[in-house]
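The two complexes that follow have chain A in common; it is paired with chain B in the first and with chain C in the second.
Showing the complex of A and B:
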C-alpha cells in the first residue's frame, strides 16, 4: 500500500491577521505559518497505518515557500519519503489551482491511497479532497476517520450529523479527507528534525504551472461584525428567574 | 602440618577466591563504564577532597536523620578500625610475634563494642521503627550484611580470647596486647573458668574465631559487588566524582545528537557508578514530592531498577528486551518527576537522579510518548516562544499600564536587563505582580529595560522535559538578542529563567551576572535606594526549588523579609531542603491522574501547622499560581494569604496596602 499524504501550511491564527492593500486577501508575507492541523491528523493516520500494516508513506507538498521544515518534520515522524512539487507557486493560490497541480502529479505517481486533512483554516469548506477525487476520477470520501488497510479494499468510517456514522469499503486508488487520526498527532523533537534535515533529501518534482481555470473571486475580506449583543439580566435570583421564565414563554419553549 | 601452616594456606586460598569473585563483577562494571559518554569529574581536586572529608568522615548528610546517622557512624568507623584488626590478625599468623600494639588493640575492642551497638540499632531501625523510605529496598540483603558484620566483630573477640594460649603453645611467642583487648581478655577468663584453654581447645577456638573474622572478611569482600554494600568501596569515589557545580546545570555540554538515554552507553560513566553506589537507604524516596503525592515515582527505585536491568544483561540487551524508558522505568514514573532535585540533595552518596530521568524522558519524547498537554506547550514554545500559546506581541502588554515607559533594551543601553519570563509576563495572576516590580525598580532609580516581544521562554523546563533541541532553539533566540543588547547584569523574578540564564546558557558562552529580584531588592534596600517601613506580619517563606536547591539562594529572600520587618517562621522543610510545589520539570502542564494529594496542598498544610501564620510568601511566578490554587482548594485562603515578595515590597515602600487574608481584612475594616 503506497500512501500519499498531502500537507500544507496555513497562517498561524494565534498571530494577528493583516489584510493586504486590496482588502481582498491576507497580507501573506507578514504572517507566520504553521502546518495545517487537519493535515497533521491525516499524516498521523497514515503513519499509524504504516505501523499497523507496513504501508509506504510519502508526504507531498506544493512548494509555496518555506515548507521544507514541515516535510523534514514528516520524515522525522516516520514518513518514508517527502516530495516537494516545484513550480511558480505562492500561498495565495486558490484550492482549485492547487488541486489541479496535485492531481496532475498524483495521476500517475503510483499511489494507492491519497490522504489529506478534511479542511484547513483557509479551506473551511474542505474542497481539496473532493476536487482531487473528481479530477482524478477516483473514489473519494471526506470527514473520515478509522482508516484501515489490508489485502482487500480500504475501509473507513464517515461521520454524519447527530452522532451517526457509516462504515465504508472502497477499492483503490482512493482519496480521503481525514477528520481525525486514531491518536493525537505525535510529537517529534526538534533535534530529530534537524538530524533528518542533515541526512535526508526532499525529492523535488517539477510540476505544472498554475492553471488558468476560473475560480471564485473574493469581493471583500473582513472581520466578523457583531449583529447584536447579549442581554445581561440584573437583580436577585427571583428577578432573574422571572425574566428567564418570561423569555421561555415568549419563545413558546415552555410546555 | 602446624596450625600456622593451615591458617596461612587457608588465608591465601580464601583471599584469592574472594579477589577472583570480586574481580569478575568489577570487570563487568568497568566494561560498561568504558562504553559510556564522557564527563569531566577530575577537576577541582581540592574541593573534591574536602567534600570527601565532610561527607565521608564528617557524615554531614547522613546525620540529617540522627538515629540512622549515628548507627551508621558506629558501623562505618568500625570498618576503618577493622582494617587494623585485619593487619594485626593476619600479621600474627604470617609472622609470629607481630602485633599492632596495645593502643590500637584497645581501639579495636572499643570499636567492636560500638559496631555491635550500631548493628543492634540498625536491626531496631529496620524491624521496629520501619521507616517508609525502606519500602522497595532489599531487606534480606540488609539483614544479611548486618549478620556478616556481627559475625566478623564477634570473631575478632573470639580469636583474641584464645590467642594467649595459641601464641604460647603453637606460635611460641607471648601475646603482648591481651591486657588492652578488654573484650578478648574477659572472654579468655571465661574460657579458663570453663576449662577450654587447653592447647587443643584453644586451637579449635582460635581457628573458629580466625575464620569468623578473616574468612568472613574475604567472603564479605566477594559478596560486596553483588550487594548494596558495594557502597563501602564506591561511596568514596562517588562522592569524590560528585557534580560540583553549578549544580543547576542539567546538561554540561551540548550532546552530539541527542540527550536521550536508550542504553547504558548513552549514560555518563558517573551515572553507572551511581547505580552501584546506591545504598537503598530511601532518603530520596522520602523527600520526593511525586512520591508523596501518591504517584508511581521513587527516585530510589529508578536507580535500583536501572541497576537490576544493567546486571541482567550488562548493557547488551536481547533484541526483544523492553526499553529502559518505559520498560525498566515506567513512563508514569518518568513523567511524574518535578526535577525539584530533593532526591539528589538528600542522597548521602551524591547520586544524580535528575539527569538520568531527563535522559530517559528524552527517549520517551523521541518516540512521541509525551503528555498531550505538555506536547501543546512544547509546540507553543516552538511557535510562539511562550507556554501560553500567546502571540509574542502580548508578552510586554503588562507594561502598558505603567506611568513611565520601560526602556527597550534591544534599542538602548541599560544597566539592568530584566528577563521577565513566561509566567510573570502572561499568567493572569502572576502578571499582576510584574508592573509592581517595574514600579519598584523605577522608584529605586534603577536604569533597567526589557526585551519586549524579543524575549522567548528560557528553555529551562523544555530541557527538563527532555527536549534538548527546543531548549537550544529557545536559548539561541534569546542569546541572539542578548548579544546585541548592552547591559551590566540580568535581573529576573523567575527562578526557572534564572537557572537557565545562569547555568544552562554557560555552554553557549553567556557569562553575564544573573540576579534574582530578592537579591537585587535586598541590595537596593541596604544601599538606601529603596526606603522601607516595616510590614508587621507573621509569615513563612517557601523556597522555590530552582532558587534555593539548584542555586543556593536561600539567605537573600530571608534577609529581605527581615529587612521588611516580617516576623519570619520556618516550615520544617526549608532552605535547600524545601518541598517542591509540584510545578517543575513541566509538571505544571501535565495530567494529574494518580495524584492523591498535590504537593502544593501538602505544603500549605505544612505552613498552617505553624502557629499564627497569616502569610505564605513566595518568590517565583509559578508559585504564585500554584499556591493560590492550593490555598483555595483547601478552603484556607481566608486565613492564609499567598503573597509574592513583590506585594510586601510594594506595601513597605507605601505603593500598596499590605495584602491581608480575607479574615484579617474583614476584621480590620470593622
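Showing the complex of A and C:
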C-alpha cells in the first residue's frame, strides 16, 4: 500500500492576520506559518497505518516557500519519503490551483491512497480532498477517521452531525479527507528534525504551472463585523469569578 | 439562468434545518432570476422531505439510501449537467464537503465554501460572504453563474412553513461499485446527555492538559452542571465523543454555556450559538467565541475555575 499524505502550511492564527494594501488578500510575507492541523492528523493516521501494516508513506507538498522543515518533520516522524513539487508557486495560490497541480502529479504517481486534512483554515474555494476526487475521478470521502488498510479495499469511518458515523469500504486509488487520527499527532523535537535535515533528501519533482481554472474573485477580505460582541469583564480571575457568580444569581442558575 | 439545485439532507428522518435554510434562499434567488428550484434527495427516506421542499422540481435518486458518497456524487453531477444548473447549494456538512468540491472540480465550475450570505447582484452574478481563517476573517467573493456553494448551517433563517405537496419524481443512477457501506454506527450513548443539561461547563484547547479536567469537573459539580467540550479535547482522547459540542458532535441550547479556553471555530459555534446565555473565557481577546458570547473575559481559566468553585462552595 503506497500512501501519499498531502501537507501544507497555513497562517498561524495565534498571530494577528494582516491584510495587504488591496484589502483583498493577506499580507503573506508578514505572517508566520504553521503546518495545517488537519494535515497533521492525516499524516499521523498514515504513520499509524505504516506501523500497523507496513504501508509506505510519502509526504507531499507544493513548494510555496519555506516548506522544507515541514517535510523534514514528516520524515522525522516516520514518513518514508518526502516529495517537494517544484514550480513557480507562492502562498497566495488558491486551493483550486494547488489541487490541479497535485492532481496532475498524483494521476500517474502510483499511490493507492491519498490522505490529507479534511479542511484547512484557508480553503475558501473548496477542500483539497473533494477537489482532487473530482479532478482525478477517484472515489473520495471527507470527515474521515479510523482508516484501515490491508491487501484489499481500504476501510474507513465517516462522521456525521450528532455523533452518527458509517463505515465504508472502497477500492483504490482513493482520496480521504481526514478529520482525526486514531491518536494525537506525534511530537518530534526540533533537534531531531535538524538531524534529519542534515541526512535526508527531499525529492524534488518539477510540476505544472498554476492554471487560472475557476479562480474566485475575492472582492474584500475583512474582520467580521460583530453582530454583537460580548460584554467583557475586565480584571483578574478573582474579579471575573465574582462577576460570574453575580450573573448566576441574577439568572437564578445556582444549583 | 439554469435552475438552482438544492441538495436535501435529512436529520432524524426529516428535512435538516440547514436544508430548509438553503431552500428558503434558493426560492428567493430563483424568483429574482426567473428560474426554478430543483430539490435533490437521496433514497426513499428523502421522499417526504422532498414533497415538503416547496421546490419547483423535487427529484428522488432511487436506491441511494443509505448515503454512499460516490453514488450521491454521481447523481448530483448528472443533475448538474442535465439541467445546466445556475447554482448548486449544499450545506457545509459531511455530505456537502463530500459532494461540493468534487462536483465543482469535475464539472469545471467555481466553488465557494463556508458561505454565510448569498445575494443576487445586478448584472447576473451573485455575491457571497464566507468565513475563513477559523472565523477570524470574512471573504466577500463574486459568485459567477454555475457556481457550487457550501453554506454554513444557521447562516440565515428558514421560512417557517412551505406549502407541501411538491410532486416527487424519481431518477436512477448507474450502480456505483467503488465504495460500499459496511455498517452505520449510532451515536455513543455517554454517561450523560449534554443536550439535556441546563448548564454546561465546556472546555477547549485552553485546558492544556488532561489533568486540568479535574478543575472543570469540580466546577461543574459546584454549579450542578455537566462538562462538555470542543473537538480538540475529544481528538486528544481526554473526553468521550458524547461530550463533544459542534458540527460533528451535539447541538446544545442550555440556559448557560460556559466556554472555557474555546476559541470558537465555526464548527463549534454551529453547535452552541443558540444557548440562552453564553459566557466565554479565552486568553485571546480576538477569539471568535466573543462574537457570539454575551459575556466574556480574558483571564486564565486555570486560575478562574478553582476560584469559581470555591466561591460557589462558600455561598452555596
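One rule holds in what follows: the second predicted complex is superposed on the first by the 225 of 255 C-alpha atoms of A that agree within 3 Å, B and C clash if a C-alpha of one lies under 4 Å from a C-alpha of the other, contacts with A are read in each partner's own complex, and residues count from 1 in each chain.
One rule holds in what follows: contacts are C-beta pairs under 8 Å (C-beta built on N, C-alpha and C of every residue); 3 or more make two chains touch, one makes a residue touch a chain.
Given the structure is predicted, the values throughout are model-derived calculations rather than measurements.
Asker: For A:246, is the partner it touches chain B (first), chain C (second), both, or none of the two (neither)?
Answerer: Neither partner.
Asker: With the two complexes superposed on chain A, say which partner A:191 touches: chain B (first), chain C (second), both, or neither.
Answerer: first
Asker: Touching A:52 in the superposition: chain B (first), chain C (second), both, neither?
Answerer: Neither partner.
Asker: Given the superposition on chain A, which partner contacts more residues in chain A: chain B or chain C?
Answerer: After superposing on chain A, more of chain A is contacted by C.
Asker: For A:16, decide between first (touching chain B), second (touching chain C), both and neither.
Answerer: Once the two structures are laid over each other on A, A:16 reaches both partners.
Asker: After the superposition on A, what does A:209 contact: first (chain B), second (chain C), both or neither?
Answerer: Neither partner.
Asker: Please work out whether A:27 is in contact with chain B alone, chain C alone, both, or neither, and reply first, second, both or neither.
Answerer: neither
Asker: Is A:86 in contact with chain B, with chain C, with both, or with neither (first, second, both, neither)?
Answerer: In the superposition, A:86 contacts neither chain B nor chain C.
Asker: Name the residues of chain A shared by its contacts with chain B and its contacts with chain C.
Answerer: The answer is residues 14, 16, 184 of chain A.
Asker: Please give the residue numbers of chain C that touch chain A in the complex, ascending.
Answerer: Its residues touching chain A are 11, 16, 66-70, 73, 93-95, 97-114, 127, 130-142, 177-188, 198-199, 222-225, 231, 235-237, 241-242, 244, 247-251, 255-256, 258, 277-281, 284-286, 288, 290-300, 303-304, 307-308, 311-312, 315-316.
Asker: Could you pull out which chain A residues touch chain C in their complex?
Answerer: 11, 13-14, 16-17, 41, 96, 99, 118-119, 121-135, 137, 139-143, 155, 157-171, 177, 179-181, 183-184, 213-224, 226-245, 247-248, 251, 253-255
Asker: Of all residues in chain A, which touch chain B in the complex?
Answerer: 12, 14-16, 32, 34, 77, 184, 186-195
Asker: What part of chain B is in contact with chain A in the complex they form?
Answerer: Residue positions touching the partner: 257-258, 362, 365-366, 368, 370, 372, 375, 378-379, 382-384, 389-391, 393, 466-470, 472-473.
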